[in-house]
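Presented below are the structures under discussion, each in the form of C-alpha cells.
Each of the two complexes below includes chain A, the first together with chain B, the second together with chain C.
Let's look at the complex of A and B:
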C-alpha cells in the first residue's frame, strides 16, 4: 500500500533514530569546538609576538587549512590518521581531529586580528605599568578585543555545524546517514520519503544555525557601534 | 610515493580538474548575478521583493550545501522535477553562492555615500538608471574583495558534488583510491589540484584586501 506524507518521520523508531544521528553531529561539533577554540586562542596570541619564525609557521598552517576544502581535510584525516597511529580510528574521532585543526587555524586568525586591532597606546600603557606579556594579554588586550572575537567565533561555530553534514561521506552514522537508511527501508511504502526526510533535516540545520548567525550579527553591529562611537 | 602511479592518473585528474573548474566558473557567475539582483532589491527597499530576498539569503546561508544538493537530487523527483547531477550541482552552487554573494554586494553597496543616491534621485533618475549609473559602478568596485573571498569559498564547496557523483576532483580521487589503493599519491594529486586554483585566488584576495581594506569574509 502506498502511504504518503510526513508519517515516515514518526513511523516505528524513526524519529528517535534521527535524533540519535543528530546527537552524533552535535557531539562532533561540540568536541571539535572545545578543542579547537582554546588552541586557536593560544596560537593567535603567539602570533602577535614579534617573531618571523612563528609568523611563517602559523601563516603556512592557516593558509593550508583555508585553501584545502573541509571535505578533503576529512578524507586526508580519514586515510592518514589510522595509518600513522597504527590502529583503527572510528569516523567520529577522525572528524573531531580534522575539525579541531581547522577550527584552531581559523580561530588563530580571528584572535590575532582582534588583538592587533587594540590601539597601540593601550599596550604601551600596559608596558609602562610594568605588566608582563601574559598580564597585558589577560587584563588589556583580550578584554578589549572580545567584542570582535565573539561574533566571528559564533559564525565559525555555525560553519562547523553546517560542515557536520559531511560526516556521512566518511561513513559516520550522523543525522543525514540515518535519514538515508530510513529512506532506503521505506522506499516502497513511502515513495516520497526523500522529500520529507530531507526537508526535516534542512529545517533542523536551519534551526541550529539561524539563531546563532542572528546573534553574531547583532554582536557585530554592537561592536562596530562601540568602535565608531 | 610512486611517481608512475601519479603519471598514469594524470589524465584522469586533468579531466576532473577541468570539471571542477568549469562548474566553479559557471556556478560563481550565476551566484554573482543572483547576488547583485538580491542586493539591488534590498538596497532600493523594493516592497515584498526585499522580504523575499532576505528570507532566501537566511535560508541558504544557514543550511549546508550537501542537504541542498540532496534535496534537489533526491527530493525534487518525488515532486516530478528531475535534474541531472550536473544541473543539480550548478543550481545548488548558484543558489548557495547567490545568498553569500548578496551579502558581499550589500556590504559593497552600503559603502556608497548616501548622498550619491540621494542626488541621483533629486536629478530625477529612475531606480533602474540610479542602479545602472550610480550604485553599480561604485558598489561593484567596493565589493571586489568580499566577492573574491566568496569565490574561494564556492570553489571549495564544489568538493561536495562528490556526494551526488559528479566526476570532479574529490570524486575522482575517491574513485581511484577505492579501486587501486594508492592513497598517498591520489590524495597528493587532490590537494595539488585544489591548490592550483585556490593559491592564486588567495594571493589575489590578500592583494585586493590590502588595496580596499575591506573585511566581510565568507560567512
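Let's look at the complex of A and C:
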C-alpha cells in the first residue's frame, strides 16, 4: 500500500534519526569552526608580518587546502594517515580536525586581506603611540577589519555546514546520509519519500545556517555604524 | 648652550637614487620650539618622522636624552612613550571613543592606572575645550575637534618631546586658529616641540629656531625672529617672499578683452 509522503518523516524513529544526523552535522561544524577560526585569525595576523619565510609557509598551507577537494582531505585523514602513522581515530574526530585545518587556511586568507586593508595611517598612529605589534592588531587593526571579516567568516561557516554531507564517506552519519537511508528503507511504502525527506533536510539546513547569517549581519551593521556612522 | 634633549647628526636618507634627507644635523634644547620650514617636498615631514622611528634612514645618529638611539623597532617603541606625535590626518581610531582613544596607550603601554589616566585626560580635554565630547566617536567630531583630541591623546603619555607634522594642513580655515592656539599654549608651558607648518604667522610667534630645509638639506638654522626679518640664505628669502601677503603691484596686467 502506498502512503502519503510526509508521513515518512515521522514513521518509526525516522524523525529522531534525522535530528540526530543534524546534530552530527552541527557538532562537527561547530567544533571545527571553534578550532579553525581562532587558528586562522592567528595565522592571518602572522601573515601580515614582514617575513618572507612566514609568507612562504602560509601561502603553501593555504594553497594546499584550497586546491585539494575536501573529500580527498577526509579520505587522506581517515584512511591513509592512520595506516601510515599506525593509529586509528573515529571518523568524527578526523572530520573535525580535517575541517579545522581547512577552515584555518581559508580564515587566514580572510583575516590577512582584511588586516592589510586597514589604512596605513591607522597603523602609524598606533605605532606613534608606542603600541606593540600585538597591541596594534588587537586594538586597532582587528576591530577595524571586523566588518570585512564577519561576512566572509559566516560564508565560510555555511560552506562548512553544507560540506558535512561528505562525512558519509568516512562512516560518519550526518543528516543527508540519514535521509538517504530512510529513503532507501521506505522505497516501497513511500514512493515519494525523496521529495519529503530532501525538503525537510532543506529546511533543517536553512534553520542551521540562517541564525548564523542573521547574527553576522547584525554584527556587521554594528561595526559599520561604529566606524562610519 | 642649553642641554639638548635631542641631537640629530648627519641624518641621510634616500629612496633608491633620490636623496630625501642630506646630512641633516640639528639640536633641540629642552623647552625649545624648533620650526621646520621649507617648500613642499623639501623633506620636512620625512625628517620629523625619522625622529620617532616611523621612517628609517641610511646613516646618521640621533641622541635622545643623552643616549644614542638604537635603530630597532623595539628601541623606538620604548622611546615613543616619551616622544608624542600628531599627524595631519589626526589618525584617531574610529573604533574607539574619544576617551578610549586617549586612554589606550597610557593604560596598555605605560601600564598606568585607569583612574589616574582618566583624571589626567579629563583635565587635558577641559583645557582644549573637548571635555563634553569624551564619549563621542571620532566620526561625530569636526576636523578641528579631532585634531584637539589627537593632541590630547599624545599629551596623555606625558611626553618629553612633541612632534607636530602639519597639524592644521587639512583643517577648514576657521578651525586652524583654535588648534594653533593650543600649540602656542604648549610652547608657553615650556613643552619641547618640533613643528612642521606652513602657517607663517604662527611660525614667527612660536619658533625659537627656524630650520629651513630645501632639497633635503638644512640651508639655515636661524633664531625665529631673525629668520623672518633677515633670512641668511637666498633660497629662504625667496621662500618668505612667496609666502608674503598678496600685493597689487606684483599682479600681472591682464585684460578680459578677447583679441
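Basically, the second predicted complex is superposed on the first by the 203 of 229 C-alpha atoms of A that agree within 3 Å, B and C clash if a C-alpha of one lies under 4 Å from a C-alpha of the other, contacts with A are read in each partner's own complex, and residues count from 1 in each chain.
Rule of thumb we're sticking to: a contact is a pair of C-beta atoms (placed from the backbone, for glycine too) under 8 Å apart; a residue touches a chain by one contact, two chains touch by 3 or more.
All of these numbers come straight from a predicted model, not from anything done at the bench.
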item: Which of chain B and chain C A:191 touches, first, second, both or neither; value: first
item: Touching partner for A:169 - first (chain B), second (chain C), both, neither; value: first
item: Partner chain(s) touched by A:130 [first = chain B, second = chain C, both, neither]; value: second
item: Touched partner set for A:210, first chain B, second chain C, both or neither; value: first
item: Touched partner set for A:202, first chain B, second chain C, both or neither; value: first
item: Larger contact residue set on chain A - chain B or chain C; value: B
item: First (chain B), second (chain C), both or neither touched by A:10; value: neither
item: Contact residues common to both interfaces of chain A (with chain B and with chain C); value: none
item: Chain A-touching residues of chain B, taken from the complex the two chains share; value: 58-59, 61-64, 66-68, 70-71, 74-75, 77-79, 152, 156-160, 162-163, 170, 173-174, 177, 183, 187, 190-191, 194-195, 198-199, 202, 218-219
item: Residue numbers on chain A that touch chain C, as the complex places them; value: 121-122, 124-132, 135, 139-140, 143-144, 223, 226-229
item: Residues of chain A that touch chain B when the two form their complex; value: 63, 66-72, 75-76, 79-80, 155, 158-159, 162-166, 168-169, 176, 183, 191-192, 194-195, 198-199, 201-202, 205-206, 209-210, 213
item: Partner chain A, residues of chain C touching it in the complex; value: 52-54, 77-78, 80-81, 84-85, 87, 89, 91-96, 104-105, 108-110, 137, 139-140, 153-154, 157
